[in-house]
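In the two assemblies presented below, chain A is common to both, partnered first by chain B and then by chain C.
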Partner chain A sequence: MTHASPAPVVRAKDLARFYGDVVGVCDLTVDIPPGTVGLLGPTGAGKSTFLKLLAGELKPSRGSIEVLGAPPFANPAVHSRLGFCPQQDALWDDMTALEFVEFLLRLSGFEPARARKAALVALERVQLVDAKDRRLGGFSKGMRQRARIAQSIAHEPQLVVLDEPLTGLDPLARHATLELFRQLAAEGASVLFSTHVLHEVEALTTNVVLLHRGRLLARGEVPAIRALLDRHPRRYSIQAREPRRLARELVELEGVEAVRIAEGGMLVVETRQPERLLEALPAIASAARAGIGAFESRDEGLEAVFDYLMGGST
Partner chain B sequence: MNPGTEAAPANRAEMHGGAWRPWSGERRPSRLRAAPIVRAGLRIALRKKLPLVLLFLPPVVATIIFSFVVYTVAALAQGMAPAGLGGAGGAMGQAMGGAGGAGDIVKQLVRVREMIVGFHLSTDFFSVLLMAWFGAGLLADDRKSGAHLLYFARPLTRFDYLLGKFCIVAAFGVLGSILPGLVIISVAVAASPDWSFLQQEGSVVWKTLLFGGAWTLVVSSLVLAVSSLSTRKSYALAGVFAWFMFSGATALLLSRLLKDRDWLALSPVQCGVRIAEDLFDMRLGVRDWNTPLAWTAWGLVVALSWTIIWWRTRRLEVV
Partner chain C sequence: MTTGFWRASLLIATTQLGLLARSRRAWAAACLLLLPAIIAWLVAAANAKVTPSGLSTMLGWYALLGVSVPLASLLLGVAVVAEEVEDRTITYLLLRPIPRAALFVGRLAPAVLWLCACSAVGTALLVAAAATARGSDAGVSDGVRLPLLLAACAGVATYTTLHAALGVWVKHAMIVGLAYSFTIEGFLSNLPGRNQLLTIQYHLRSLVAGTGDDAWQRIDGFGATEWNPLFDSGLVLALVVACASAAGAWRLARRQFELPA
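Right, the complex of A and B next:
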């Protein structure tokens, strides 16, 4: 692991893409570092547009984007080093899985023998090698998704861009796919994937880019982003044997703004001085004989960060 | 507060920059980048047996029949009974005007040429069927499934993409339009005495290539243009046939109403007939109209088609 600042794999500056009057992304300035990065945002946030822009599928309406140091649009040099898994079905039903991956490798300039070999390796990585000779038309939704992922990694790209890659996968396949992404990252590839399911990102990385209505909402580590949200107090859940007694004591603590008892008797504390709370809690709990059973932060997770940034009423 | 701008410097995620592997693959910018598209497209098309049988059967049967007739005529020109006809050969020879002299041979060779032209015109319909069936879905299906996203994420230009698609349609045009003609010419050459067909009517070979090639170009372009405008293959298929029928009916109607045969240029099929007549130096008598206009009409169809295809392919980026 290094804390130096490596060159970003994606660099967007004032990037905008419009579909007539509809805004895809707008004034997006962001550097995405190597590694695994999650692209987050609700439906219509501009995630797919941004990914297509950086995959060279779309031409920016305004601004610029560089991927691996070069503009991606109509740039074969970038496409050779980039793997793209679109959200769309994008499969040819009459091809077998092996033919599908092999065909796209041939388009990438692989020789026939090498394309066959690389296609088999890719299918094995997504656990489709047993179905390699079956036609894609007969594949389930999850298998089709895995076939798409296979084609995006088969040519060992430096940057893998995946648009909603976990959609349609069953829990086992989802776990295996997340593991695959970890392996790719461990091998040195950068993985940028979009999702609107927050815990999928949390399972893989803390490094996120949040988009909303085509604009950048935040970028960085989830806790770091959370730290910026000073206007929101931190929330902690405390499971206690005597929650009311503990609540009475905590409400007097400096920085605590609110204490309430949620469903199930869980105590929810909101404070602007979390360090003070963490420091004082053991003593207070002991003095009040509250009997603390569990203590956890309620807003370190992406869900909370997302709600805060979106202006939710959490 | 703008969290986006302030959050950017905070970057303590796990990095892999140190192990960031350099590109180690082979980058071979091939000049034949469209070749895998053609290969894969033909492989998929040939996999469906029923359409293949149904669509290729008529031109194959027609080729066999015409080949036999051409062989018979050529054999009769030499005063021989064609093998397999037995005694019927003599009767057929008399019925076809007898044979034997050099003048008769030349006359029969001309008849062979006319047969070949007639064959061209009769198989055009089948070649349209072939090109429409196998080409209608090429762009429409890609658009529908979003498969173009896979193409354009590869080191492939839009020109390569379109060239590959065009070659797939054109391959069926060649199979339905040019190849049968060449087979019949080969039979005529082999059956004529001392390769006389090649000596006397040798230009038929390149004229066949030119006519078949131009016809293939026109129909392929048209099919791809309609496909690029459609959202699914069935619509494109219907669109192609509707266009042929509509243009043909309009051309005939206007030419008769306005008593001006130049209006026939509106129909690519009528243009084909006119061009074939002129190219093969034949006068069927009823369609004597402006040949350059027919060529121009074909050229316009191709130009318009490719304008549409290019425009729609550029629009493929918007999904």
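Right, the complex of A and C next:
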């Protein structure tokens, strides 16, 4: 017996969107399955453009996009089943949080009593119910972000699309928001959210779409993406009292591809087996009496890794 | 679940009316419409020879209809949709299951309503201030008061709709609107000949001519101008409102907005 895979919630084919000469997204063909999916990419990768096309805020310059089986631009049938949390920090500052969510629910076709009830539930879910009667203009950045999330989930949409939803949230609110996304997924909603931080995606889902410079870099499970990333030699900086002596020892270590001494005597090590380096370094440093002062990864920025992958894929 | 055109328009309009009352732009437009009344009061106090009907017709004709009505309408009209775009809040409205035309109508109606109310107050105050003038004549009659009120309300409705449509079609609607107000409405409407027919100002003045009494004859060139029949001018203004509404709603239904993050 074979199982048909569920119909994708988003289907983009040769999708392109240009802003004059600037590429937003280009030749993007991707099917996004139901469930929780992270849209990952460095700043300027085209994540927001893709999400705006997906939400129906923008029209494609070329190609096509279908959301829940229909083109999203100016399509009320799609918008009734879609919740969108934009990245821009824009709200009607004179409204209270409750008025804001309630008004948008009324526009979604909710009767007044039901709209009030659903708005309170949504504000409760983002922990804003205590501030429901305060004007949005007086909210902190994190609270404003949560108000935006509340309006996107209040009408219980089939697909929730969130553009950088964790930006501006403090660690507690971030944790609570990730938990909210888990609950939404458990309730059967599909959640698609963008971020440029890999571990935020990993905390929530194994399913990711990687964008870079407007193009699809990879789509699939996080372990596969991780494996892809592992093809990239990792770089570490080591500050040592005796860098030359340490370099001589490290170059013999399995997986180490290059060792050089940078300006200021800093040792830069490139390895394809970072775990092996981290495991062996204390013993090597001790045996060589190298005296390690500082140790840090030079590949923190996703941009560097993505640049490498793009270079490797072309 | 989707929301119908009229229901969505009404929801947006009622919410917008509440926001409008707290908007600085709306109060600036209100001040513009009250300006002729303040001028009337100052002139009445300063000049002993000026008469109530003379003052009210002059300021009603030139200051209220000629300047305040077009500029207040421009100020609020271009913001009908453009304000949401500038504030980047239009996303919330565009991505709801409503016809986009409802967004245009729902935002336009409160602006027109607000300006009509301000015009009514401005006209009443203008007439009241003019009535304090010390020159002797028959006073301000209904033949001055009512035509002015009618033309001011028709003016704000027509100009606001036109500028609202402009705000959806062009990027720098305020600049284009100002250019239109000064060159077409300000200049062309005061040139002799049939070119006047192309201006809203001419049709507003025709409403005054069609319903007003002899007090209006003191306006320069009033008697020498061939005014449009009342019905024809009313029809022209209604057509402008209908066409501008349709054009604005049509464009909004198709337009995409590139909002910065």
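Note that in this section the second predicted complex is superposed on the first by the 221 of 314 C-alpha atoms of A that agree within 3 Å, B and C clash if a C-alpha of one lies under 4 Å from a C-alpha of the other, contacts with A are read in each partner's own complex, and residues count from 1 in each chain.
Quick note on the criterion: contacts are C-beta pairs under 8 Å (C-beta built on N, C-alpha and C of every residue); 3 or more make two chains touch, one makes a residue touch a chain.
None of the values given here were measured: they were computed from a predicted structure.
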Sharing chain A, do chain B and chain C clash or fit in the superposition?
-> clash
Given the touch rule stated above, what does A:265 touch, chain B (first), chain C (second), both, or neither?
-> neither
Go through the superposed model and pick first if A:92 touches only chain B, second if only chain C, both, or neither.
-> both
Touching A:158, do we find chain B (first), chain C (second), both, or neither?
-> first
In the superposed arrangement, does A:42 touch chain B (first), chain C (second), both or neither?
-> neither
Across chain A, the partner (chain B or chain C) reaching more residues is B
Where does A:58 make contact in the superposed view: on chain B (first), on chain C (second), on both, or on neither?
-> both
Counting only touches as set out at the top, which of chain B and chain C does A:76 meet: first, second, both, neither?
-> both
Can A:108 be said to touch chain B (first), chain C (second), both, or neither?
-> both
Shared chain A contacts, counted only where both chain B and chain C touch the same residue = 19, 55-59, 74, 76-77, 79-80, 82, 84, 86, 88, 90-92, 94-95, 103-104, 106-110, 151, 155
Residues of chain A that touch chain C when the two form their complex | 19, 48, 55-59, 73-74, 76-77, 79-80, 82, 84, 86-88, 90-92, 94-95, 103-104, 106-110, 151, 155
Please give the residue numbers of chain C that touch chain A in the complex, ascending.
-> 1-3, 8, 11-12, 15, 19, 22, 87-89, 91-100, 253-254, 256-261
Provide the residue numbers of chain B that touch chain A in the complex, in ascending order.
-> 1, 3-4, 6-21, 23-30, 33, 36-37, 39-40, 43-44, 47-48, 145-147, 149-158, 317-319
List of chain A residues in touch with chain B within their complex = 1-6, 19, 30-31, 33-37, 52, 55-59, 74, 76-77, 79-84, 86, 88-92, 94-95, 99, 103-104, 106-111, 114, 151, 155-156, 158, 185-190, 205-207, 210, 215-221, 224-225, 227-229, 231, 309
